[in-house]
Amino acid sequence: MRQLFYNQAIAEALAEEMRRDQNVILWGIDIGPYGGANACTKGLYEQFGPSRVIDMPVSELGYVGMGVGAAATGIRPVIELQFSDWITLASEMIINQAAKMRYMFGGVLQMPLVIRAPVGGYLSAGAQHSNSFESMFSFVPGIKVIMPSTPYEAKGLLKSAIRDNNTVLFFEHKKLYAMKGEVPEEEYTLPIGKADIKRPGSDVTIVTYAYMVGKSLAAAETLARQGVDCEVLDLRTIDPMDREAVLASVKKTGHLVVAQETWRDCSVSSEVAALVAEEAVDYLDGPVVRVTAKDVPIPFSPVLEEYVLPKEADIVAAVNKVLNRVSV
Amino acid sequence: MRQLFYNQAIAEALAEEMRRDQNVILWGIDIGPYGGANACTKGLYEQFGPSRVIDMPVSELGYVGMGVGAAATGIRPVIELQFSDWITLASEMIINQAAKMRYMFGGVLQMPLVIRAPVGGYLSAGAQHSNSFESMFSFVPGIKVIMPSTPYEAKGLLKSAIRDNNTVLFFEHKKLYAMKGEVPEEEYTLPIGKADIKRPGSDVTIVTYAYMVGKSLAAAETLARQGVDCEVLDLRTIDPMDREAVLASVKKTGHLVVAQETWRDCSVSSEVAALVAEEAVDYLDGPVVRVTAKDVPIPFSPVLEEYVLPKEADIVAAVNKVLNRVSV
Amino acid sequence: MDIPRETLLLIYERMLKIRHFEDRVKDLFAAGELPGFVHLYLGEEAVAVGVCAAMKDSDYITSTHRGHGHIIAKGGDMGCMMAELYGKATGYNKGKGGSMHIAYPELGILGANGIVSAGIPIATGAGMSAMLRKSGQVVACFFGDGASNEGTFHESLNIAGAFNLPVVYVCENNLYAVGTRQSQVRKIEDIADRAVSYGMPGVVVDGNDAVAVYEAAFEAVDRARSGEGPTLIECKTYRWRTHFEGEPDTYRPPEELAAWIKREPIAPYRKLLIEQGVMSEAEAQAIEKKVVAELDAGVEYARSSPLPTPESAMADLWA
Amino acid sequence: MDIPRETLLLIYERMLKIRHFEDRVKDLFAAGELPGFVHLYLGEEAVAVGVCAAMKDSDYITSTHRGHGHIIAKGGDMGCMMAELYGKATGYNKGKGGSMHIAYPELGILGANGIVSAGIPIATGAGMSAMLRKSGQVVACFFGDGASNEGTFHESLNIAGAFNLPVVYVCENNLYAVGTRQSQVRKIEDIADRAVSYGMPGVVVDGNDAVAVYEAAFEAVDRARSGEGPTLIECKTYRWRTHFEGEPDTYRPPEELAAWIKREPIAPYRKLLIEQGVMSEAEAQAIEKKVVAELDAGVEYARSSPLPTPESAMADLWA
């Protein structure tokens, strides 16, 4: 099958949806002739012109808020934030406006708004350019949160996000932009809210997403060589979470590791563990173990960042721990 | 012992700390002659004057950000947000600046910043005036989060917060401002990070905090009459969480209910359940049950709000569920 | 300026509607019939009505926590509004919204808003939307003097200026934000001067003079509709009531309030219309009677409407 | 204006330091020696130095993602900075910060910042702090033309104006924010005009003329220190490099860049000082030699310094 980079898959999804529906409009910083900080809008300005691909000033609250007003009035804005770290600046418009407007107005309008933003570390980008805030937004009802782990998923899920009539946060991992993978040439979409078993296995379930999927698969390979058969479940959509898939896998394996890049407290990993404690505790043959970033801001120096962010070896160690197995 | 209202206890804590340290300075909206929307600064302007109690324009990002700059340079700002709902607008300054500055600068400065803000519903205040965002900030390292459930705790914990050299979010529940309770006249402080057993019990642990403490205690009374002995653990500090206290109680009772006012996903209740799934799963004699708000914005109409927010009866039902007991 | 008779009468009727509606809300709230909080628009009627009278039904507005006036001015039905204030299933927003969250897109009402200044980027986005869809719609964005110190005011007006968006920014300068006199936290007198920063015209008008507001709005709407871009209109006015009902009025000099009540917008306007032969005394009375009857019916509708079912709380989140 | 000789020489030396430091960082980054991102200040040296030369060591600055110049201008040590850029334990911030997060409060440096505009409220708060503590300190707040469209610019300058805070807002207008020419997203030409909104003076200066910048800053610092309040100074300048090292320069007309390089700030200043007898050609050469030696030593210090221990990642969060 044809191979594309993750950022190319995104650009292709955008282009296809823009052709399909003229109300799909992009805005953000440097997304026009510049093509986007991560080249996700490369060529779109040339193809669709300045009224479909709009460069904004550095005013996150303003242009995300404009997305709310535009989505409420017939446009389907797809907004790029240059890094997700400063989604903080726009969070009022996401949390109190976009997420709530349809509901608090009794359903009289729709909010077909997509906000795309790069997340994640492993780049020595320092404490303010390495964050992943999906947990904070999953907490809030009225927002969907998607985090694709491959080019295939990036394209299929972004197309679904753009067609969705609700607010969707679409978090792309910076380290994945340069990942190459198979992407069909034919039209396809992927369902929001469905997890994907990236590797079936019988001994332990590893629930993970985004850039950690690759590290989890690598850990699973290492463990397979040691005779441990891991199931790697890629959540793909963080919210709504595919709770059935998580439970089915844990009921099968009896063991759960949750591997996420970001901090532990009140996070996606907390939610997955809580879900299992609520719905499948009788199936657990040992403790749940979470693999997460250590509880400090992401430091700059590579040696420090490596210490703080989770590694393949941490996942291996976690699996050994849930299996009460001495590491080899 | 002397009785004070919760908001009076707060005002008293502020006054005492302002007398103790002239660098303790208050700012916010309407906190001067007006005395604060919830009367928490009543009389302070008169007592300390306009350079200690400063009225700000409606500019949350600006005046919270100023708190960061002032805290870094020798002032101990105690900032009031009129409602915590729009902490969103200031969240950049809390999440990427206050929480990270000391760490990312290698410890060269301190951040003795307190942000006080009212949280919570049960007031028909609608979707944008009923939020509780503690979970989102607990996620972020570098911030302490306190939520006192009584006047005694409000005073003792606020004094500790003001003396702390780190960023502290101090969330006060609107429904508690009019709660009266014993507050010693002598100087005292309460430790940040210590939970409190509000009712000892042997059958089930109810982990809770803030306004839900009262509802949990009421539920415990109801259940006591039915022969069920609940332990009610008030977290008091959400972050750092008193994990030892939670684990000790669950190890004792073997059953866990977590009762919080706000939404479920990636929340404090998730973290508590995850903690137990990690560290005490062998002690659990049944599933964990979480009592939370339903997963929609808080609606205005009292009949709807009552349906969405958790009630005493929900806690009773949850305890019955963890005990696998038919409700009576 | 030559204002059509129907427009002049509409302005009169809608100002009266607001006056009576808000007076009634005040009483109903005091009687404990209405849950939550209410912020009344009494005394500021000429602003909302003057602006909306210059707009079409298909045009948009965004509103604030003090929104009843804007919604009535844009054509909102007092019965559906009142039912919303009662938290009834028949309210504009099924009881989910309440006083601070009334929206009715069919009349271009994109929502009152509980977050100060939040309507500003939303209005700006609606303006961008109108421009992109080439719909010819114009947006009026209402906000207070307090809101003009929020960052999003700056971001939004900058963008509107840069892209020539069809938005009329209407700052209702009633001197206070809650209990703080805004001259204490803003150095300059006229908020309209801030238009300079965005390359758009800034206009100061007497917000208690409906004709003056209408004329300024008419010109701004015309500019916007013809693609010439946004305008910032500052309307000097005053709220008669405290910030929200039930708050003690400790922070405003009583003389100040008295002086502004003396300068109230409706009576002189009524007089003007009668003097100019636009309506007769009898017609004026008939209009007022009709307004009161409509309000009475609206209150009755609200009172007798059913509450939402508790389970309906779970509906309307997802589209 | 009569500028003391030491000040004139200091300006020369510090501009040179920035020039050489940034040139070296460029090379070291290209050679793969430095992790992460770097944003260079080449071409804008006169702004940071002109402003900081008008300040005391005990005064404060806040900086941006493009911060090396500000830190050197405020007296920062090139070795400690370079060690930070290498992620070494001996860096100003123990390798935890990196290029975008250098702070050194002992010299009043409250931090570079990776979030555009975030330094503005922080500077404003430091100004409030200075006023409250009656310390006599002044704050210079550096930010870009792009940052001037952020909401916090508006909120902060409004507060500074209202409270007469001792802050000098220095907008480095280099025409671009990353790849977007800012005239496309801002209607007005001069950002200094925005000072009107806050009741403070707004001044435009040639940001490539160190003397002009110094004089404007001197006056503003003087105003601030004597309690007369803030000033907004817009410095027109240009960055020579792309937004960050490694980015292709596709978006700027080469003639534009060439014209600005021709108007570079250091050579004419050097000439001026020699012509006016402030320093001799030999002295100028000696200064430059000293700067280069210091830089060489700094790079050597950075290279030979130890990395932080991995476990040190867990330190420094809590005070």
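So that you can tell them apart, the chains are marked A, B, C and D in the order they are listed, and the count of residues begins at 1 in each.
Definition applied: a contact is a pair of C-beta atoms (placed from the backbone, for glycine too) under 8 Å apart; a residue touches a chain by one contact, two chains touch by 3 or more.
All values reported here derive from a predicted model rather than from experimental measurement.
Touching chain B and chain D at once are the following chains: A, C. Of all chains, the one whose Cα centroid sits at the greatest distance from that of chain B is D.
Separation between the centroids of chain C and chain D, computed from CA atoms only, is 45 Å. Taking the mean of the C-alpha atoms as each chain's centre, chain B and chain C sit 36 Å apart. Centroids of chain A and chain C (each the mean of its C-alpha atoms) stand 40 Å apart.
Centroids of chain A and chain B (each the mean of its C-alpha atoms) stand 30 Å apart.
In chain C, the residues that reach two or more other chains under the touch definition are 95-97, 101, 113-115, 149-152, 155, 158-159, 162, 184-186, 317. Those residues of chain B in touch with two or more other chains are numbered 56-57, 59, 61-62, 85-86, 89, 92, 96, 103-104, 126-128, 141-142, 295-297, 299-300.
Contact topology of the protein chains: fully connected, every pair of chains touching. Residues 29-30, 32-34, 37, 55-62, 82, 85-86, 89, 123-129, 294-297, 299-308 of chain A touch chain D in their complex.
Against chain B, the residues of chain C that register as touching in their complex are 35-37, 87-88, 95-101, 113-117, 146-147, 149-151, 177-180, 182, 184-186, 250-251, 307-308, 310-314, 317.
Taken together, the chain A residues at the contact with chain B in this complex read 61, 85-86, 88-89, 91-92, 95-96, 99-100, 103-104, 126-128, 131, 135-136, 138-142, 239, 241, 263-274, 276-279, 281-282, 284, 286-290, 295-297, 299-300. If you check the complex, the residues on chain D that touch chain C are 149-155, 158-159, 161-162, 184-188, 193-194, 196-200. Remark: chain A residues 23, 25, 51, 56-57, 59, 61-75, 77, 92-93, 96-97, 101-112, 141-142, 165-166 touch chain C in the complex.
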